[in-house]
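You will see chain A twice below: alongside chain B first, and alongside chain C after that.
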Partner chain A sequence: MSEKLLEINGLRIEYTSENGPAKAVNGITFSLDRGQSMGLVGETGAGKTTTALSILRLLPKYTAKVTGGEIRFDGRDVMSVSEAEMRAIRGGRAAMIFQDPMTSLDPVITVRDQIAEVLLLHREDLDRANVDAEVGRILEMVGIPAARMHEYPHQFSGGMKQRVMIAIAIACNPELLIADEPTTALDVTIQAQVLSMMRRLKRELHSALLLITHDLGVVASICDIIGIMYAGEIVEFGTLEDIFDPEKKHHPYTVGLFGSIPNLTMDAERLSPIPGLMPDPTDLPAGCSFGPRCPHYDPARCGSTDPVGSAGTPTEIPIARKGQHQIRCVLYADADL
Partner chain B sequence: MSDILLACNHLKKYFPTPAGYLHAVDDINLTIPRGKTLGIVGESGCGKSTLGRCILRLIEPTSGEVLFDGRDVTKMDQKELHKMRREMQLIFQDPYASLNPRKTVFQTISEPMRIYGICKDKADLERRTLELMDTVGLSDRYINTYPHEIDGGRRQRIGIARALSLDPKFVVCDEPVSALDVSIQAQILNLMMDLQDKMGLTYMFITHNLSVVKHISDEIAVLYLGQMVERAPRNELFSNPAHPYTQALLSAIPIPALGYKDKEPELIRGEVSSPINPKPGCRFAPRCPYATKQCQEEQPMRDLGNGHIVACHRCGGAPANAGAAEMAAG
Partner chain C sequence: MFKYIIKRILIMIPMLLVVTFIVFSLISMSDVDPGRSKLGPEASQELVDELNHKYGMDQPFLIRYFKWVWGAIRLDFGDSWYYDHPVSVDIAARFPNTIKLTLLSIGIALIIGIPLGVLAAVKQYSWADRVFTTLSMLMAAIPTFCIATIGVLIFCWKLHWVPATGVVNGWKSWILPSLTLGISYSASFLRFTRSSVLDTIRQDYIRTVRSKGVRERTVIWGHSFRNSLLPLITITGMMLGGLLGGAVIMESVFVIPGLGTLVMNSINQYDMPMTMAAITMLAAMYMLIMLVVDILYAVVDPRIRARYTSFKKKKAPAKAEGGAA
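Then we have the complex of A and B:
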């Protein structure tokens, strides 16, 4: 059994659109060890969800295309396994918690049947007579009384629906749990309950967790390693300490993200937001994609902000590394970190 | 001219449902001084938006009064209300749903000015619209575009320009930044604070986001199931939260800093109970770790001094004068 559960190498994904290919993911590389939890942080359109979907081969068939790189799950190339093998992985060894519990559950099927479906598909050892008991056990794990298993999703509150989603995902003790904004739709007290439950499940099941979120607070409460995504690239990567330590060097986008959150512990009169907007994925700048919004932008080093022609080669932005910490920016060399 | 621009006294809104009356807003007393910001926080279903809409009389309150500049909004006839609406505006939560997709930016921003006939001709209307767009930081090249051509942050700027077009004194901001990404959220928050300084606006800022509310408010009111459980100046509220619900709410916020990994916050049990025909006494009691028998009977308002009012008998302090709002408004 290899230590590395998930390896992504130079992954590139494009969507077809009216205005030409939309470059959603542009060469990202990271790996996740067994039992480790990683946060993938970024704003709308950064390519976080696209990355997550590609791991389970759930990208829309006709509009999305993986144009480069590889994804390895437990050493196997996800892109080349057969659909039958993929079905065995998806929902069984690797499962996903979707963002919106209101629309991701089937409204006309009981919660018991929605959880049982996963069990019957993946747990061949399980006797049919024991399915109810197993569904009950899983529901209790996420804090829902087993007696409520025969109810329909509309009979549950938002927080409880999200627990049902989590119950479906953990039903087969997955080695990898992908959670796409699992608490974004929830109120803060319910979010705290769900996060606390996820921390407990992580300890009990030893699953690796890939958590996708835009909330740096959520990341700080649960993740070991963090990737900051911008316009389809990981611009900064490191351990929780690397990313959250204000004394360390950071990518200008990371600095901008932290400057944009109102701070509860300090009194700042004004926020320092990032000017401008995320670039259009059909029209990415040729150099650093953060260049047009960056206070340190220097055309000589960061490359042109003109869009890349279809034949143009983007300027390579160097990556500074120290230990696990990586920053994709011309400002730093390895020695600076 | 009194310092208080807006005061609500015993404001109530009950919605009839098949199961009984839903107490959406239940006996709210509050005051907002001129040029200040009152933050209203609470979780989904606590009545924050209903409160904002009752104050603007976009929905009819069941009872109670809303005094705007000393005049009772709830008793105005249509003509008076029409005049009053110039001074009280609303910024909506969803920059996608609150703009008419078939109207251009110019039509959307200029509509209130056309209705109130405050520009003498088309050229004047256009000049004033461009001025407003400049104020909110929208480039004039957007004047003839439609909402679907524009991103969320800019759409929210259109909503703000529209709300400001009549030069209002008071703006209810209902979750104006919740639908936006953090980097854009910060741009809009800064803009709103600048406009307040420049135009002397008074805000009621409704949000579920505690760090945003702390950033923008002078005073904060915490709502739970239609009732105000605590009200205090912002620093007082964050440094000395008195109500067990406020304490739980504050401890539930994930802090984006080192040292919070795998730390368990003080969780509150269960979920919000039903607002339909609520039992007397404290509505938070079923989830409260300190609840006693007394909590099921009464919910006294206590005044802890320095403008800090809390609806909990555990907190000591003097009994709060329920009529304080009326006195201030009178």
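Then we have the complex of A and C:
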């Protein structure tokens, strides 16, 4: 058992599309210790979900391809294990909570059967006779009366469905819990309930958590370390303190992200959203991918904003490091942080 | 649910009345003189009138219809105008043949079509998928009677494996007709199954099932196929209904005495009691099949089941709480 539960090194993932390969994940590297929780923050299309799916090898078979890098789960290379070993990890040692609870539960099967399915696959202490009691116990853990286990997903509200999803994910005490925007599809009061429940469960189960979100508030309430993702790269990485300290140096994109959150103490007329759009993943710029939207953009140092195809070799953007804090930007050297 | 079934069966009564009324009117609109056509041009007018009186043709249309309905309620469909014996004799003789042919062919179509359809969906874009979809297009494009004739040529005349026609040779006589119809219908089942499974396999909940570490076979049959059943039940019902009345061509090619040919012949012979009885039978069967289809919907999909039982469900939780207290 290694201390590092999850290690991702230079991971690259492409999707096939009509306009050529779409580079969804472009060389991201991070690691997650046992029991640690990490937030992966970024806009829609930054490659967060793709990263998460690749950890469980759940990427769409025909359209997605890992083109580089490696994923290690508890020291083992996820790409090279057999399908049977992968099935033992999925749902057992590493489980995932999906974004949309409305569509993520099988509509024609009872909640009890959906939870029992994962229990019977991974928990050797359970058989058909005593699985009901365990399903009930897990449902109570996520705040659903055990008596409702024989109901179908359509009989539950959105928030309750997400609780069922969480129940499925935690059923086998996974070492790693991947939550892909678990609160995005829920309304605000339910979001708060689900979040506080996840915080409690994480404490009780000692699972490591990889939380994917575009909501900085969610990250602040639950994570130890944070990666800010942009166009398939981690542009800034650090502890909660590193990222949320306005005194510290930050990547211009992180600054932009915080600028798009309303602040009560600031006397601002309006929010300052980041101008422009995320670059097209089939046509990434040769230089810094945030260059086209960056207020500090300098063609001499940041490289061309033209696509790699027309501007030749991509420019390598240096990473400044201090402790755990890392920023991928030409503005900073190691000493500046 | 029980209440719903009773309601559906009761609704069949007015539906059957409408169907029979329409058919009765259509037949009556023809200006054929049944007495004259049976006795021939040489017969005397008295004899013709006497026969028409016996058939009730001298009475007004509505009275004749209500008399027919009154008979039908007591399951008395009258005597055939052509054979002069009760039509129930012919119906009883031919109905089992139709049912046999229909069930056998649909059974074969399902057994071939569904597994191949699921396979084609799971291995989308593979050579197997391509071969199966092309073959099924081909089968759908060739008319059934062509396949039937080719089948008769090869398996009866060249190889002498099976009898060509009739139903007197026991189970052997059913092999070729039901295989021909079954294979030809399996093409549709294959394509429906394929598109239906392809649709469900891309759903979020299938990804959830995979994330639980479920083996692929269970993902496909236990979840994806399970969710694809609804459209499959629909088309199975429609094809069953279609085959019951529409296997006329097969019945003619293989000389199987079934309801389809009976309807056709009785119309040609202007045998009104026979036509009415056969069509009423087919209509009732069709309605029963549709009822079974709707019941199967509820069995397969809890959301539809909830619609049928919603009235009862409101009371159930209160009772449960009372019991707990």
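Keep in mind that, in the parts below, the second predicted complex is superposed on the first by the 329 of 337 C-alpha atoms of A that agree within 3 Å, B and C clash if a C-alpha of one lies under 4 Å from a C-alpha of the other, contacts with A are read in each partner's own complex, and residues count from 1 in each chain.
What we mean here is this: a residue touches a chain if its C-beta (ideal position, glycine included) is under 8 Å from a C-beta of that chain, and two chains touch if they have at least 3 such contacts.
What you are looking at is a predicted structure, and each value in this text was computed from that prediction instead of being measured.
*Asks:* Chain A superposed: clash or fit between chain B and chain C?
*Replies:* Here chain B and chain C can both sit on chain A without a clash.
*Asks:* Classify the contacts of A:199 with the two partner chains as first (chain B alone), second (chain C alone), both, or neither.
*Replies:* The answer is first: A:199 touches chain B but not chain C.
*Asks:* Who does A:154 touch here: chain B (first), chain C (second), both, or neither?
*Replies:* Only chain C; A:154 stays clear of chain B.
*Asks:* State whether A:82 touches chain B only (first), chain C only (second), both chains, or neither.
*Replies:* A:82 sits against neither chain B nor chain C.
*Asks:* Applying the touch criterion given at the start, work out whether A:258 contacts chain B, chain C, both or neither, answering first, second, both or neither.
*Replies:* After superposing on A, A:258 lies in contact with chain B but is clear of chain C.
*Asks:* Does chain A have more residues touched by chain B or by chain C?
*Replies:* Residues of chain A touched, chain B against chain C: more for B.
*Asks:* To be precise, I mean the smallest distance between any C-alpha of chain B and any C-alpha of chain C in the superposed model; what is it in Å?
*Replies:* Superposed model gives a least chain B-chain C C-alpha distance of 10 Å.
*Asks:* From the superposed pair, tell me which chain A residues show up as contacts to chain B and also as contacts to chain C.
*Replies:* none
*Asks:* In their shared complex, at which residues does chain C touch chain A?
*Replies:* Within the complex, chain C touches chain A at residues 124-125, 203-205, 207-216, 223, 226-227, 300-303, 306, 320.
*Asks:* What does chain A use to touch chain B in their complex?
*Replies:* Interface residues on chain A, with respect to chain B: 43-44, 157-160, 187-193, 195-196, 199, 214-223, 240-241, 244-245, 256-265, 267-268, 270-275, 277.
*Asks:* Contact residues on chain A for chain C in the complex?
*Replies:* 56, 58, 62, 83, 86-92, 95-96, 98, 100, 103-110, 117-118, 121-122, 147, 152, 154-155, 165, 168
*Asks:* In their shared complex, at which residues does chain B touch chain A?
*Replies:* 43-44, 151, 153, 181-187, 189-190, 193, 208, 210-212, 214-216, 235, 238, 248-249, 251-258, 260-265, 267-268, 271
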